[in-house]
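To keep things simple, chains are lettered A, B, C and D as they appear, and every chain counts its residues starting from 1.
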Amino acid sequence: MIKVGIVGGTGYTGVELLRLLAQHPAVELSAITSRGDAGTHVAAMFPSLRGRVDLKFEDPAAANLKACDLVFFATPNGVAMQQAPELLDAGVRVVDLAADYRIVDVAEWEKWYGMKHASPEWVAKAVYGLPEVNRNAIRGARLVANPGCYPTAVQLGFAPLVEAGLVEISGLIADAKSGVSGAGRKAEVSSLFSEASDNFKAYGVPGHRHLPEIRQGLSRMSKNGPVGLTFVPHLTPLIRGIHATLYARVTGEADFQALYEQRYADEPFVDVLPEKTHPETRSVRASNLCRISVHRPQGGDTLVILSVIDNLVKGAAGQAVQNMNIMFDLPETEGLWQLPVLP
Amino acid sequence: MIKVGIVGGTGYTGVELLRLLAQHPAVELSAITSRGDAGTHVAAMFPSLRGRVDLKFEDPAAANLKACDLVFFATPNGVAMQQAPELLDAGVRVVDLAADYRIVDVAEWEKWYGMKHASPEWVAKAVYGLPEVNRNAIRGARLVANPGCYPTAVQLGFAPLVEAGLVEISGLIADAKSGVSGAGRKAEVSSLFSEASDNFKAYGVPGHRHLPEIRQGLSRMSKNGPVGLTFVPHLTPLIRGIHATLYARVTGEADFQALYEQRYADEPFVDVLPEKTHPETRSVRASNLCRISVHRPQGGDTLVILSVIDNLVKGAAGQAVQNMNIMFDLPETEGLWQLPVLP
Amino acid sequence: MIKVGIVGGTGYTGVELLRLLAQHPAVELSAITSRGDAGTHVAAMFPSLRGRVDLKFEDPAAANLKACDLVFFATPNGVAMQQAPELLDAGVRVVDLAADYRIVDVAEWEKWYGMKHASPEWVAKAVYGLPEVNRNAIRGARLVANPGCYPTAVQLGFAPLVEAGLVEISGLIADAKSGVSGAGRKAEVSSLFSEASDNFKAYGVPGHRHLPEIRQGLSRMSKNGPVGLTFVPHLTPLIRGIHATLYARVTGEADFQALYEQRYADEPFVDVLPEKTHPETRSVRASNLCRISVHRPQGGDTLVILSVIDNLVKGAAGQAVQNMNIMFDLPETEGLWQLPVLP
Amino acid sequence: MIKVGIVGGTGYTGVELLRLLAQHPAVELSAITSRGDAGTHVAAMFPSLRGRVDLKFEDPAAANLKACDLVFFATPNGVAMQQAPELLDAGVRVVDLAADYRIVDVAEWEKWYGMKHASPEWVAKAVYGLPEVNRNAIRGARLVANPGCYPTAVQLGFAPLVEAGLVEISGLIADAKSGVSGAGRKAEVSSLFSEASDNFKAYGVPGHRHLPEIRQGLSRMSKNGPVGLTFVPHLTPLIRGIHATLYARVTGEADFQALYEQRYADEPFVDVLPEKTHPETRSVRASNLCRISVHRPQGGDTLVILSVIDNLVKGAAGQAVQNMNIMFDLPETEGLWQLPVLP
C-alpha cells in the first residue's frame, strides 16, 4: 500500500482526490491537512464521503507528512513551492496540482503568477505530468507538476498535429469552455449560482495564466519552432467539464483521422471518436477520459479539433492519480476505471 | 458469473443498469434488446460506454434471453407483464423496473395504469423489491417488482415511524421533488431543457401512480390500520435526485433520532444523518445510498423527515442490482460501492 | 415625478429595484448609496443597465437622501432600523425591504434576528406592506415594512382559507422552495454554482426567520385564534422563483375554488388558475404576479394550495414598488405591468 | 394601430412575439394561427400571457390574415414560401422569421434546406432584415427575411472589420455558443433537460445552415472579395443567449475599439463595451440588445471579437418587431425598450 497525504483538501480538487483515492485498491490515505479546518471531520464537510473516509483535517504543522510515500498538494498557487522542498528532501515524492512547478522559465512564471518563486531549484527538477506526452520522465520523477485543466484538454487536442508538423504553428487558436468548478470552491460573487447559471461569458481574453503553460507544452512538441497561440477561455453553466474547440491551418496533407487514431491507439484515457461526430462533456463526466473528434469542414484548410475532459478528473485529480500510478509502477488505470456518469 | 439480459435498454434506467453492470465483478452482460434500435451499438447511443460495453441492441425476438440467469426489464409499463411470464416459465429470474408487478390489487393497478393486466397470476407471486423491508422474501424470489423512485424515498423515510406506530397514520404527507430524468428519455415538450430548466412546479396533485404503491407499502408496515396519505410530486431542475419532505403528527413519544439510527443500523445503503442537519441530493448522486434526517421543529407535534436518493440508482437501476445481489447470494454491496460524485 | 433614493443598491433586490424604477414613468431616480462601492457607476457593476441608468453609487454620508420623497432600504437586516428614523423625521417616506420593521413583537424580533432593535418606537408605526391584505393602511403609511419573499407566497396562498376560518388553524404546513437569488448577492460557499446547481436540499428546518413573520400575518387574519405552522424552506436550482406547497385540513365545507376566485377577483397581481392545474414559477418570472392553484386530492380532507411568485419581484422589489404606487396614489400597476419572461 | 397577424405561434419565437407585441403601444394583435392547436386559448398554452392576451389559435384556413397590415411567420422553414405570396399579393406586408427568403441564391438555399423553393420570385424581392446594415431597404420592404440568430450575432460582430477591409477575409472563424431555446419547442431527445443540462457540445461542424447565410451577409459588406468562414456552433445549458467568439487576422492597422464605437454610435440596440471587458449573455437577457467587446490579445495579429444577443429577441422576435417599427415609420425602439432581466 502506498501511504498518501493530501495538503489542502478542502477545495474541489481535494474532495475529488479523496473520492478517487478512497476507492483506490493500492492506496492508504494517511493524512489530509487544512489550516482553516483542522479538527473537522472530512465527512462533515463533504457528506458524500460519510462512512467511507474516516479522516479529520489536520493542521499542516501537526501532520506527519514525512511518513508518506507520496504527498499531493491540492493547494492554491504558491503553497507547494514553500512546503514541498522539505518533504522532497525527506524522500517523499510530490505531485503538485497547482501551478508552482509547471513553467520552466521562472521569470515568466513570476510574471503571470505575480509572486517570487520560493524554490526555483525544484522547477528544473520537476517533471510535467502529462502522461500521454511525458510518461517515461514521470516514472522516475520525485516531483510532478500536474498540468492545468485547460492545458490538458488543449495539448491532447493539438499534440498529433503539432508533433507531425502539419499545421501553421504560428497561428493556433484554442477556444475553450469550462464548467464553474474550475474556479474552485472559493466564496466569490462571480461564481455564485445566480451569476453563473443561465449565463455564458468569455474571461481573461487579454491574458490567462494557462496561456504560457500551453504555449510551453506545444512548443516542446513542435518541430517547426515556437508556437503562436490565441487562447480564449469561457465560463459555461456546467459543474464539471471542459470543451476545447481548436483551430489550425493545414500546411501539409495527411489522413488526419488516422493520424489521431494512431497517435492515441495505446492510450487508455484518450478516445478518438469516429469521423463526423462531436464529443459531449457529459460523456466523460466523473471519469479520467479525454475524448477527441477531428473535423475538416467543407474540406477547407482549417482543421477543427474538439477535445473534452472532466476538469476535476483528467484536468486535475484523476491525472494526479494517473501520475501516481506511473510513479509507483501500478497499472495506469488502477482506481481510475469507473465509467462516466451519464445522464 | 451471472448471465444477465436487459430488455429495453435505451432509456435512462437502461443506461444506468449498463453503467452499473459493466462494472460489476460477478456479472456477464449477455444481451440487451430494443425493438426500435436493433443493430445499433450500445456505445454509439451512449458514448459514455465506448470501449467498455461491446454489445449491440438486439431485436427482442432474436435475443436468446432464455439462456440468461436473470433478465432486467427496463421497459415502459405494460411490457414486462406480456413478456416476463415466458422467461419465468423457462426458469429465468426476472427483475421488473417498471410498475407491472408492484400493486397486489390488480383492479387497483388497472385503474391507475389504464390497461388490463396480462399476467395477474404473476402479480401474486412477485416480491416487492425494497430490501430494507423485504430482504428475506427477495432472496428466493423468481420475480421481483423493483419499487418506483418516489416510493423508495418515501417508504424508507416513513418506515421507522409507521412500523413503530408512533404517528397519526391517517394523515401522512409526502411532499416530494424529483429531477427531470425521472420522466425518462422520452421526447416530450414538458421535459425539454427550455421548459424544465429555471422552473419549478408541482404535477399530478389530483392523483399520481406512485400514490397507491406508497400507500400499499406503508399500510403493510402499519400496525394501526391503513394509511391515509397526501402525496404531492414536484419537478425540479436536477438531472438526478429525489428529495422527499415527509410530515407526520406524533401520537406517541420516543427518541426519534435513535429510532431511525437503530432501524437502519445494519443497512449498508441507508445513512441516518446527525441531528439538525439536512441531506442534499448531490450527497448521493450516482450512488445507491439513501440519506435521511429527522427533525421535530420547535419541539412541536409535527415530525419532519427528509429523505434523499438518486432516482436512477436507489430509485431504479441500483436497487435492481441490489436485488440481484440478494437473489444470487452475493454481498449486497457488490458493484454498488462507488462513492457519490460531488460536486 | 416622485424623487426616489435607494440605500444599499448592490444586492439582487437593489438591481431589481433599479430595473423596475428605471422603467417607471412617475419616478425620478435621485440617489443610490453603497458604502463599499461609492464612486462606482451602477452600470459598471450591472451592465444590464448600461445606457439607461446614469447614477453612481454614493457614500451614504454624502447622499442627499432627505431631498427624496421616498427612500427604499435594500440593505441587510439591521441597517434600516439605524438610518430610517432620521429620514422619517425629516418627512421622507420609507419602504424597508429588509426585516427590521416586520415583526410587531420586538422581543420576538430580537430573538430571531440576534440583535437589539435600534428604533422600536417605529416598529409600532410601521405598516406591513402586503397590499392584498393591508392596502388601506399602506396608503397613508410613512414607513412600510415590505414582506419577506416566503411570507408573501405563503400568506397569499393561505389567506382565503384562514380568513374564512375553514381549516384547522393549529396544524398548517408550508413546504416552500426558493431559487438561489433568495440568498442574496453575498459571496458564500453554499450559494456557489458548483454547490447549488444540480442539487436540492431543505435548510433551516429547526427554525427559519420567516416563520414568525408568516405566523404573525396569518394569525392576524384568523378568526379562530393563533396559527400553528410547520415551515420548511428548500433551496432549488433556479435563479428566481418561489413555489409554496401549502397543506391544510378542512374543518368546514365550501367551494374552495370559488372562494379563492372571489377573494382575489379584484387583485391585479393575484391570478387564481383553473381547477386541476399547476402553476409554474417561470409563468411569473420577472413579473409582480402571484399565481395560485387550489387542490383537494381524491376529495379527502387535506387541501393542497400551490402558490408561486418571483422572489425578487412580488417577493421583494416589485412589491416595494407596488407599495410605493399605493402610497403615492398612482395606479397600482404603474411600472409593474411587464409580462413574465417565458421561456 | 397596426393590425398584426402571426402564423404559427406555438413555438418559442411565437410566444416571444406575443410577449413583445402584447406590450407594443402601436399594435393590435388580430390573429394567430396554428394548425395543430386551433381552438386552444393562447394563454392556456402559455400561462405567462394569462389575462393579457385574449386570443385563441385559429386554423390557418379560417383566419382572416388578409385583413392584417403585417403578418409574421413564426413557422418552420418551408411554410412561408408556400403561404406568404398570397398575402403579399393581397397587399399585406410580411416578416418571415424562418429561413425561406434569407438566401438569394435559390440553388444554394435548396441544397442546404433540402427542399424545392416554392416562391423563388419572392426571394429576389425580399429584403434581409438586419437593420444595422440594411435599414433603408427595410423601410420600403413588402417582404422582410428576418435573420437567423447566429447570423445576427456573427454579422454584427464582424461588420466593422469587414466593411473597413482591415482583416484577412479568407480565414474568418466564428466559434458560437447557443442556448437550447435555439433548437425550438420541438419534442426531441437531444433537447431534453437531462441531455442538454450540465453538458456542452459542438454540433453541425461539417456544415450548418447558418453558414451560407453568414457568408452571404459578410460577403456583401466586404470590399475584398468573398468571405471564407469556419463556423462552429455549440450547445450550452442556457435557455436564452448566443455568445459568438470571432477571430480575424489583422491586415491593416486601426484603433479597433474606436472603429467599433463609431460604427455603432447611432445604433440603439448595439452597445460597444469598454476595452478589456467581456459581455455576458445575461446582460442582454430578454432584451433586443447586442453587446460587443473588441480584444487584441497581447497585441498580436489576431483580433478577438465577443458578441452577445438573446437568440429569441435580437436573434428572432425582437428583431422582427424592430423591422416592423422601421417598415411602419415608428420609433425604432417602440415596444422594445424593456431592460434586460438580470439576475
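As a working rule, a contact is a pair of C-beta atoms (placed from the backbone, for glycine too) under 8 Å apart; a residue touches a chain by one contact, two chains touch by 3 or more.
Since the model is a prediction, treat every value here as computed from it, not as a measurement.
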Query raised in the report: Can you list every chain in contact with both subunit A and subunit C?
Result: B, D
Query raised in the report: With respect to inter-chain C-beta contacts, which pair, B-D or A-D, contains the greater number?
Result: A-D
Query raised in the report: How far is the middle of subunit C from the middle of subunit D, if each middle is the mean of its Cα atoms, in Å?
Result: 37
Query raised in the report: Can you give the whole-Å distance between the Cα centres of subunit B and subunit D?
Result: 45
Report summary line: Averaging C-alpha coordinates per chain, one finds the centres of subunit A and subunit D separated by a number of Å equal to 39
Query - Residues within subunit D bordering two or more other chains - result: 12, 179, 181, 185, 194-195, 197-198, 237, 239-240, 279-280, 282, 285, 343
Report summary line: Counting only contacts in the complex, subunit B reaches subunit D at residues 12, 179-181, 185-189, 191-198, 237, 239
Query raised in the report: Tell me, which parts of subunit A touch subunit B in their complex?
Result: 12, 15, 19, 22-23, 46-52, 181, 185, 197-198, 239-240, 271, 273, 279-280, 282-287, 291, 312, 337-343
Query - List of subunit B residues in touch with subunit C within their complex - result: 171, 173, 175, 177, 179, 194-195, 198-203, 205-207, 228, 230-232, 234, 236-241, 243, 245, 247, 249, 276, 278-282, 285, 293, 295, 297-298, 300, 302, 304, 306, 308, 343
